[in-house]
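Next come two complexes built around chain A: one with chain B, the other with chain C.
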Partner chain A sequence: MSTRYLPYILILPVTIFLCVFFLYPFVLVAQQAFWSDTGFTLDNFRKVVGHWKFPISLKNTLLLAAAVVPIQLALALLMATMVNNMGRGRDLVLYVWTIPLGISDLAAGIIWLAIFDQSGFLNSMMSGLGLIDRPMNLLSYQSPGLVFLAIMLAEIWRATAIMLVILVAGIGLIPKEYYEAAEVFGASPWKRFTRITLPLLRPSLSTALVLRVILAFEVFAVVQALGGTLFPVLMGETYNYQFELLNGRSAAAVALIILAISIAATLVILRVLRVPKGATI
Partner chain B sequence: MTAVTTDTAGDTRRAGRYVYLASVTLLCAWVLVPLYFLLINTLSSPEAVNAFPKSFIPEFDLGSLTFFANFAGMLSALKNSILVAGVTMILSITISAPAGYALSRFDFPGKELFRLLILLTRAFPLPLLALPLAVMFIRTGLDDTVLGLALVHTTLAIPFAVLITFSLFSGIPVELEEAAWTLGCTRLTAFTKVVLPLILPGITASAIFAFVISWNEVFAAAVLTIENRTLTAFLLQNLDTSPLHLKFAGGFILVVPALIFIFAVRKYLFAMWGIANR
Partner chain C sequence: MAEIQIKNVAKRFGEYQALSDINLTIADQEFMVLLGASGCGKTTLLRIIAGLETQSTGEVWIGDKRVDHLPPKDRGIAMVFQNYAVFPHLTVFENIGFGLRMQKLPNDEVTRRVQRTAELMHIEQLLKRYSGELSGGQRQRVAVARALAMEPDVILMDEPLSNLDALLRLEMRAELKGVLAESKTTAIYVTHDQVEAMSLADRISVMHQGRIVQAATPVEVYRNPAERFVAGFIGNPPMNFVTARPEGKGRWNVAGQSFDGPASDAGALEFAIRPEDLTPAEAGLRATAKVVEPLGAHLLVTCEVDGALFRAVLDSDLVVKPEDSLTLAPMPDRVRWFDPETTKAVAV
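== the complex of A and B ==
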């Protein structure tokens, strides 16, 4: 076997697999959304966008992403810098902080349900402190703010770890000499963070943000567990079209809208955080 | 005078140290306390789970877990979850590891295009693929089977598996292999006798990672299975109707393997991102 063809033989399985289960389904989903029996059509999109629930789900999805992602970015940066300076106990702390990485969104929703439920721990705590006489129904249509807060907390709790992992790996690649030089010239810790860490961390920041933002637009199970129908999101609408209404074409249309938002967000992040050519470490 | 200044500097440093330790502890508590609450609920009797106010200490009653085990369809859902995750694990490693090796050892025309394809899969909301695949699977008879769902989950796991194996192989000097060739090994035997033993722990970690991805996936599982539901799909489907203690016990069962797996792969969690980003 010649070495020339070997790499192609090695990548062949992945390529075939991704063509069949990644590229081809995209063609299919576009076909489902854009073509009807009579040919090209935008009817599916018109119907889906015109539905009364669509603006709410779109608003909820975007609002949740806008509220959650910046907090997670700040938190992940803080945790990553803290871990970076840590001596003893670093492994243990890192393990604890990355636990949520392995926890599914459904489980995270259920965990926070244990806290926010009517007979849950938040109510128990408040009644223990004498703040309330009897348990309040925190997750009801009367308190949309609390439902939003619960979902927000669950999302922050669950998905900060993925950003943390990427940022910790990125910070590890920044040469220590830069910091030593900065210290010699009397740069404060904050200056070192903004002038060395942040600029050199740009590739990791963009990876972390792209992954996280896409996951934020896919938010589904956490919302189902905590809000149910109180807080409609786009992914939940796709699910409803597919299952409750058995309307594959509409489901495909919503899926393509989520996809379009994700691609737009990815392009913006890559553009804003791009690294000039030749400026890598 | 100087003594005073150094003293205040020392005080600030000590204060800073306390703030630092307090924040680390606080952030650890932020992760662990909700998990502890879930543990309390799981280890309490169904009556205690639904009672108010809650005790903050578990009563070590297995009532909720027994209820979970006896709930119709739950055990078979658990079995399906394990099967799907197992098949995903095997598929994604056997498919991805050769590609990771090719990326780390060869420069070939089209390499950048291939890398782009891998990165692209990471940048798309993949569970959405389940929708068109549902139609395709009905045509091919793969609908509602363990294999069908495992194929979709493998797509989810492939980008990670390729990246991890790529960084693993990159960490093994090519000189080791070359030395083996000069000592009479072929490319294949050099790989199996020299590279493979060195890489095995890392491969295991990346297999475990694939397992967790599949184990946790909700959307595709819910769309693609009807009779043979996985645990996540089963819990999701019964969210409205199932009693609290069932939800919490189910959530607990979902969390336990994750805790073990993250512990097992913690060393490799960081290795893959360091190289993948550049």
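== the complex of A and C ==
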């Protein structure tokens, strides 16, 4: 057998796997979204977009992403820098910081619910300190700000580590000599961070951001646990259409809208953080 | 005015003594080369002067200012790194202008200085490129230009030519020398290549195991090595050594021949002579040729004298075969003597 075909034969299993378990269901979903009993249609999209909950869900999803991702990015950068300047104990700290990665998003939501709940830690603590007379319902429709804050906290706690590990690996790849050169030529620690670390970290930054932003648009379980119906998001709508209203076509349409938003965001991130030819490490 | 003074500097890394007793004064506008084998502490000393490493004890002065507590940027230095450290994400222009931008110089001043140094280093046509699009030699030029653009009092260079091929090295060497002489900066240049050291330096500091064993002009280091180590390190092939036994006051027996030497009371000395300072003659050291290598301009003959390895660089017209017997006469004023106990040179 000629070696010309060998690479193709070697990637065949993976390709088949992806086609069967990803491409095929995707085609089915797309078919559901674009088809009615009479043939091709955009009615499903018109219907879900026209529904009163759609604008709120879209707004909430984008708002949450806009609030959470920048904070996570800053935190992850700070933590990655700290970890990289650490000598002994570096690995231990990194492991501890990445523990939330091992916890499912629903479990994470429930952990934070246990904190904010009417009979939760926060209430017990505040009444123990005598700050309040009786337990308050923090996560109610009367305090949408608190609900949003709780969801933000849970999301930050849960998913910062994934950016952290990518950035730690990326910072580790930057040769020490660049920092020394920058120092000799007069760059302060802050300037070294903005002029050396950040630009040289662009490949890792874009990977981390793409991954994180896509996850942010898919946010569901944490919101469900903490906000329930108080804070509708797009993925929650998909779930409702599919399992509450048993409307697979509308569910498929919302899912495709989320996909489109994710692709758009990915393209923007890749474009903004692209590294010119010849300018890689 | 940027005279550099290094006073009693020592450096330990944990248990390891990387530098000890470094005392060195480098005059304003002098080109000083730190020469030594790998691991002898050249880079460590340079980094201490630059402020990238802190000495364990001692002081560093640049000009009239003690600088060893100052950060690198306040020492009036610029540096060319061993692997260039040309920033990959910046164009050549921005690389050369990096230090100037950090000083917040106005745009037109940055442009003017970048242009000028780029022309000096012959890279003005590369200003828009990234370092990934440059050859090793071009990158090296960028690194030097970046340092020169700072118009520093002192320029520190850590083996800047070590990654270049032989021909390019030769070319860059000559160019560097010219550019630095013109810029009137004090230069410290680290290398383990003695030819480079000889050709560039006003003075060479030979380092060995964390110490400076001799700091002198290239000719002085070559002709009058202060220590046996220097004699064996400088010169290719290096100096020959033969054990000498005392025969009387100021007379020494070297491989059966009698030579005038130092009036020393030592039980034995080492007689040293450079391979090119030997000529075949009627009287002299008796040698047996072992390996004969015609090198074009010369004939390198490796032979045995008194059971020890001995090299002679002879005229290429000479016909010598292995196992031939030779009589080699050393040029009298080129003979040097070393004390095997202290390893220091002994004056005649």
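The criterion applied here is as follows: the second predicted complex is superposed on the first by the 276 of 281 C-alpha atoms of A that agree within 3 Å, B and C clash if a C-alpha of one lies under 4 Å from a C-alpha of the other, contacts with A are read in each partner's own complex, and residues count from 1 in each chain.
In this section, contacts are C-beta pairs under 8 Å (C-beta built on N, C-alpha and C of every residue); 3 or more make two chains touch, one makes a residue touch a chain.
Just so we're clear, the structure is a prediction, and the values are computed from it rather than from any experiment.
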{"item": "Fit-or-clash call for chain B and chain C when the two complexes are aligned on chain A", "value": "fit"}
{"item": "Partner chain(s) touched by A:I196 [first = chain B, second = chain C, both, neither]", "value": "second"}
{"item": "First, second, both or neither for A:F17, with chain B first and chain C second", "value": "first"}
{"item": "Partner chain(s) touched by A:V268 [first = chain B, second = chain C, both, neither]", "value": "neither"}
{"item": "Geometry of the superposed three-chain model: angle at chain A (Cα centres of chain B and chain C, steps of 10 degrees)", "value": "80"}
{"item": "In the superposition, chain B vs chain C on chain A residues touched", "value": "B"}
{"item": "After superposition on chain A, the shortest CA separation from chain B to chain C (Å)", "value": "8"}
{"item": "Contact residues common to both interfaces of chain A (with chain B and with chain C)", "value": "280-281"}
{"item": "Touch list for chain C against partner chain A, complex", "value": "50-52, 71-73, 77-79, 81, 83, 85, 87-90, 98-99, 102-103, 129-133, 146, 150"}
{"item": "Partner chain A, residues of chain B touching it in the complex", "value": "20, 23-24, 27-28, 30-32, 34-35, 37-38, 41, 49-54, 56, 94-96, 98-99, 101-103, 105-106, 108, 110-111, 114, 117-118, 121-129, 131-136, 151-152, 154-155, 158, 162, 187, 212, 215-219, 222-223, 232, 235-236, 239-240, 244, 247-248, 250-251, 254-255, 257-259, 261-263, 266, 269-274, 276-278"}
{"item": "Chain C partner contacts - residues on chain A that touch it in the complex", "value": "175, 177-178, 180-187, 191, 196, 199-200, 202, 275-281"}
{"item": "Chain A to chain B touching residues, read off their complex", "value": "1, 3, 6-11, 13-15, 17-18, 21-22, 25-26, 28-29, 32, 78-79, 82, 86, 91, 93-107, 110-115, 117-121, 123-124, 127-128, 135, 157, 165-166, 168-170, 172-173, 203-204, 207, 210-211, 214, 217-218, 220-221, 224-225, 228, 235, 238-239, 242-243, 248, 251-252, 255, 258-259, 262-263, 266, 280-281"}
